[in-house]
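In the part that follows, the structures are each spelled out as structure tokens.
What follows is chain A paired twice: with chain B in the first complex and chain C in the second.
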Partner chain A sequence: MKKISYSILTLLGLAMVFTSCNQQGKSASNGALSSNAAEKVYVAPGEHDEFYAFMSGGFSGQLAVYGLPSGRLFKVIPVFSQDAEKAYGYNEETKPMLNTSFGFVPWDDAHHPDISQTNGELDGRYVFINGNNTPRIAKIDLTTFETTEIIEIPNTAGNHSSSYVTDNTEYVVAGTRFSIPVPQRDMPINEYKGNFKGALSFISVDPEDGGMDIKFQVLMPGFDYDKAHPGRGKSHGWFFFTTYNTEEANSLLEVNASQNDKDFIAAVNWKKIEEYVNNGGGTIMPTNYAHNVYDEHTQSATSTMMKEVLMVNPSEVPGAIYFLPTPKSPHGCDVDPTGEYIVGSGKLSANVTVHSFTKMLDAIENKKFAGDAYGIPILNFEDVLAGSVEQPGLGPLHTEFDNKGNAYTSFFISSEIVKWKLGTWEVVDRQPSYYSIGHLMIPGGNSQKPFGKYVVGMNKITKDRYLPTGPEVTQSAQLYDISGDKMELLLDFPTVGEPHYAAGIPADLIKPNSKKIYNLSENKHKYATTSDADARVERNGKEVHIYMTTIRSHFNPDNIEGVKVGDKVYFHVTNLEQDYDVPHGISMIGANTSELLIMPGQTESFVWEPKRVGVWPFYCTDFCSALHQEMQGYIRVSPADSDIDLSWSLGE
Partner chain B sequence: MKKSRIIMILGALLPLMLFVFPLWNITLEAPQYPTPLGMDIYINDFADANPHDIKNINLMNHYVGMKYIPDAIPEFKIFPAGVIITTILGLLIAFKANYKWYLYWFILMVVLSSAGLYDFYLWEHDYGYDLDPKAIMKFTNPDGSVMGFQPPLFGTKDILNFRAHSYPQLGAIFMGLGMALSFIAFFVGKKGK
Partner chain C sequence: MKIVFKSMVLLFSLLLVSCGGKEEKKKEGFSVKRQKTTEKVVETPAVSETKASERVDLSNKGVGPVTSVALNEAIDDAMAASGKEVFDQMCMACHRVGKKFIGPAPNGILERRTPEWVMNMILNPDQMVKEDLLAKDLLIEFNGSPMANQGLTEEQARAVLEYFRTL
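Entry: the complex of A and B
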């Protein structure tokens, strides 16, 4: 009996040892795994991220700057939407940036950021991004991280197959998603077919100062031009556009534009058209669009209305444009780093179709055409097909590339990223996304030189991934490690607006060029006050101009009298600081506008129209110094008919 | 030419490097200044270590009532003249006089540079103690006396939230080297006698 109970006890004891061992083993390995992912995204306090990620703000109209791998948000760059925080679109200097042929449009839908390139590699000078709704292309200068140019795109609606740059940033391309009557006219909608047109715009970029100019537009058949990608390396000189609605339906497109078994990828030989145009080709067409430029010296934007555009009809340049049949309403149009493969993701197709640039040239050479659409030759699907990734998932959208011959395609419906091999078309890995991924981004992943360490997935649906914030939850992105054979999900992070596309770049290509201050000695603002001695107030009829300076910790002047009800008072405030990260803000009680946030060496202006008699304060809004709370002043507002002279002072 | 003479010529010439390199440097470190603020002192100029540093030092220091660092001081005229005169003197001695004069030149240089350092100390003391009575912030020492903000003459010192470093720079080092050479020239000359 005793023996038995001893052995039972021993067994129990052993069992306990085993179980506890097991449990310990399990929790330890879990811990090791998760801490491994945590370590990979952990950027210690004071350390810098390895990559910048410029992520479109979607319907916020802005561009957000994140660090990778941490997913930390650094700045929201205002582009197409007013931003009261930074006075963008509110102050006198930047209001012209949002001017269009429709007047002041303070919002847009920002989609596809793309970084400027030299020799097919990221050069970190500019980011371009498209405004989808009121067609515009913006340029952000990466020394200041400010929007410095916006050009409106005429004859375009739904500026979606935009804003991708060629190998040497010769062109930024903007394609129309919606075909429209060109020029616009009053006509029945149901006469769409054959009458509506789609314009593809080639915007040249000055190699010296980055100035944009619409060099020419190509007037294409009335399809929807969805996405675009320039040729790279061997296919440099060509541009590829996916199309849908080749049915040319004008209503219930979800059914009527999904009937054709194949739509097209349009291959456009822009070098050939450029040559044609340089030799005097094309037709000057009257139009009206805004070209807005922010001058870094005057620190002010101007808006110029442009009155004509050079239009090229495909029939004028035979051999410049071809259609590559591509299954089922292709969305993403992506070219691999070598320039050989053109990936068209038929979003309603079960397969991902890949065309061969070499085979395309060969088919063109041998004139193997299957017919034409509005005079544009259609190549045979089989003649240009390099291969297809069979049944990789549902709802393929976009593809990016690493530097090891792999492609990564996002699948909206099956909510995953699928990694596959270029050339063999075999699927090698898949990872779920949470949820319903749209675009994905590998830094440099659409250039000739990808940095294949991470892929960022930008998701369309967030649901339960974060703490809930009512019916509207955060937008979201996910970071995966792709340095190994298998992808590994590392991090979820919230994003601003709906992130569409993003552009990533090694931080070292941008960081050394980032400006710290604006040099006061280079300030050419019309209303700059670069020394305290010049601080003053001037009256010009009902207009009052305050030439004000600010430096820790006062405004000069800070007592102003002689302003009257009915005046239009301009504050022109110059920040005399020349130290890194010492902006000053200013706000005036009752001003029908935003604050100003003025960087060191900069001048900004806002307008205040005093409506009530009294003594009204203004103050600094950016906690600038130990005496920030003392940074305040008063303006005396007298009745409209008073005869008090203008006077101003500081410290009297 | 005698070895000692050559050494003396070199010694007399080296202080001329003061026209190329700074004499002294004062650097201020604080957590908010990941790139420290710094001022290079030349014999004829105060210069920013990084752009706008002096302006930013002035901005900081006005809180405690310190005067702005002046654009020019009389020393900027006296020091260069002194360097040129002593160099000419040194060269004359090297070419014309015997080795004993090398030692006299050395002693002259020691006296003059000590006077220069004392002058620098007086300026620093005035800069650190002659404060605006309307200063925004007034600090007192534990014994109730008014706290001064004099940077160290040589070395490192904590002043409120700043750590101040004050050290000679290449110009001063070249001058010291020149003086040392004159001293060596003296001994070499004596030995050769």
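Entry: the complex of A and C
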């Protein structure tokens, strides 16, 4: 007995020694006040996250919705790519959303989400995001978390300096990364210099219904327009664009576009140009682009081909555009919450350059120009410089801001986030990223009102951070606590596609507006069956239209005869449920498309072209009740020349 | 021999294929004589033997927002008409007048239930099937098919009730 007590005591003693050692070790490396990282990201079962994060899906073409601080994935919103899970781009209602001047394009490279703002603060109505490859801007409605509008951008290629919104969402901007002949024409590539142009598009957003319209395009010199940021507060009315390849090289840009000591940030006074076009300025240029709108009442999208755009040449509006020399192919172009500082991250520069808006206005006022580029005045670097962050790291890319006067810049090459002070330009902290961070995001961190609690790093390389999954590994994000003096890495979480940028917002600004069901009485879908009494099948030549309803757990009708090989059968399925989270799905054997996933009160359609005689089943794909497995039906398909009458039934 | 067999199979399948498309004779489904279960059912005195749908309970008001409904002697025709409209859009997928469908027929419901119970069943089905014994038994009687919450307002549910009085 004694022996045992002694050993227990010894063990206890040892444990105490080890524990205290541990604590000492911890405090030595992380600071005395360091708390448990797991606790900070833990959101208990049933609890909600504090922030939404909308992260671009990069080459997946979609937009993913995460919770912060947990890093939990809630939804992938289909935007530019077909999504069989939700029938987006497959069902008859949303196919027009992916129409372009090149025809149906089922994919894009989704880059920079930005949340709508009012008075320079996030208002949580919409998220905008750009498709880079087939230039498009999409709008996602944050009551339904669905893409409701996509507008193609003409005269543009590589829609990259997009889709940033002004203080009151007056405009969403879309700038071309690749300059091209405008209008497009057959010409030698090596005659690029002086002939290719870069269009910057200003898309107005209707304050009432959010409808987008290309108000005007500005035809800039043939540089690459990389990133953009609207002026905030005092600089509201201006837009800033970083440029590279001011060398106007058309080949081996890796070398040839890195020759100039300084490229430019283009400062565009959009209010001045707006005034010019409102007074009849600009030239109407024939073009061709798609404008796709999803109508919430008809629950269907339409695609309209637009035939002209209003083009403005900078020379027509003197005093509207200036170039601010900025070192070495700047990428990030970021304006601080006060609107005074414009941060240019020269990705090949050793320093981060910060311009002053006040100094810029002053230099313009005093006409202190260093020269011009294609008639656009170039200001002196020294005249507009507010300061530089000296040697903070390698490969600065992008900067966001907190609400305490700090800036956070990502460094791709040295793989870290560096925190520095606006005004004094001193580096106050740095934390490594794993690995090779691209962009970063602080909720509201590009607006006048940042919520400086977390920063999310979006990394370009994942390597060994997760369990390996063959040669292709997940994309990765990292969450840091920035509420204290020192940043603290809290969490790694995987992301869908390559997140180029993200937009974060307090959940309270969105949660109360989130729609739960579609009201049946407001369903104006052309093929809706809002009363079960109207369920029916109609034939119109070779077209058969099935007006079908669903409710837990049956289809009406569920037995259909008189369909023939060679018919084109449209299923128009209305979900009669009016309760939260009771969607029904439907799929048909042999249909060359995806299932439907129909929300309560909604109608969706798909086409089935029966090719074989027989009796073919369909069923509900989304588990709906204890009798979900019973939710099925049959369609009899007869030979093309058969004379069996169309008939339908349920429970007979 | 094998070849002969194979060609026979082929021949028969061809014959079968050529039959396709025509109306086929109705075949009787299989039937199994089921022995009466000898297992002793533990009797719970609270549960009566009558089917839940036929049970009469004119005191139970159910669980939900409706605690008291006063019915006028005369039926309010306008209210009943609007109730029919709501019923046709929101309820008919599962309830048919004069016939048991997914759920029971609404005919004569007020001879078996209180008006409060009916309205609570419409407005608060999720809690009803959990906490109201009668609603629970009904769920089982109707194959576990849940009464869907169709999001009716109290006013709409009241109108549906008035419509039921006309049936």
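In this text, the second predicted complex is superposed on the first by the 617 of 652 C-alpha atoms of A that agree within 3 Å, B and C clash if a C-alpha of one lies under 4 Å from a C-alpha of the other, contacts with A are read in each partner's own complex, and residues count from 1 in each chain.
Criterion: a contact is a pair of C-beta atoms (placed from the backbone, for glycine too) under 8 Å apart; a residue touches a chain by one contact, two chains touch by 3 or more.
Bear in mind the structure is a predicted one, so any value in this text is a computation, not a measurement.
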item	value
Combined model on chain A where chain B meets chain C, clash or fit	clash
A:Gln632 touches, of chain B and chain C: first, second, both or neither?	neither
Dominant toucher of chain A (residue count), chain B or chain C	C
Touching partner for A:Thr530 - first (chain B), second (chain C), both, neither	second
Partner chain(s) touched by A:Asn403 [first = chain B, second = chain C, both, neither]	neither
Partner chain in contact with A:Asp579 - chain B first, chain C second, else both or neither	both
Common ground on chain A, meaning residues reached by chain C in one complex and by chain B in the other	517, 551-552, 577-579, 626-627
For the chain A and chain C complex, residues of the former touching the latter	517, 520-521, 530-533, 549, 551-554, 556, 576-579, 582, 613, 625-627, 638-639, 642, 651
Chain A contact footprint on chain B (complex, rising order)	35, 51-52, 55-56, 59, 63, 136-137
Chain B contact footprint on chain A (complex, rising order)	517, 551-552, 577-580, 626-627
Complex contact set, residues of chain C against chain A	20-21, 88-90, 92-94, 101-102, 143-146, 148-152
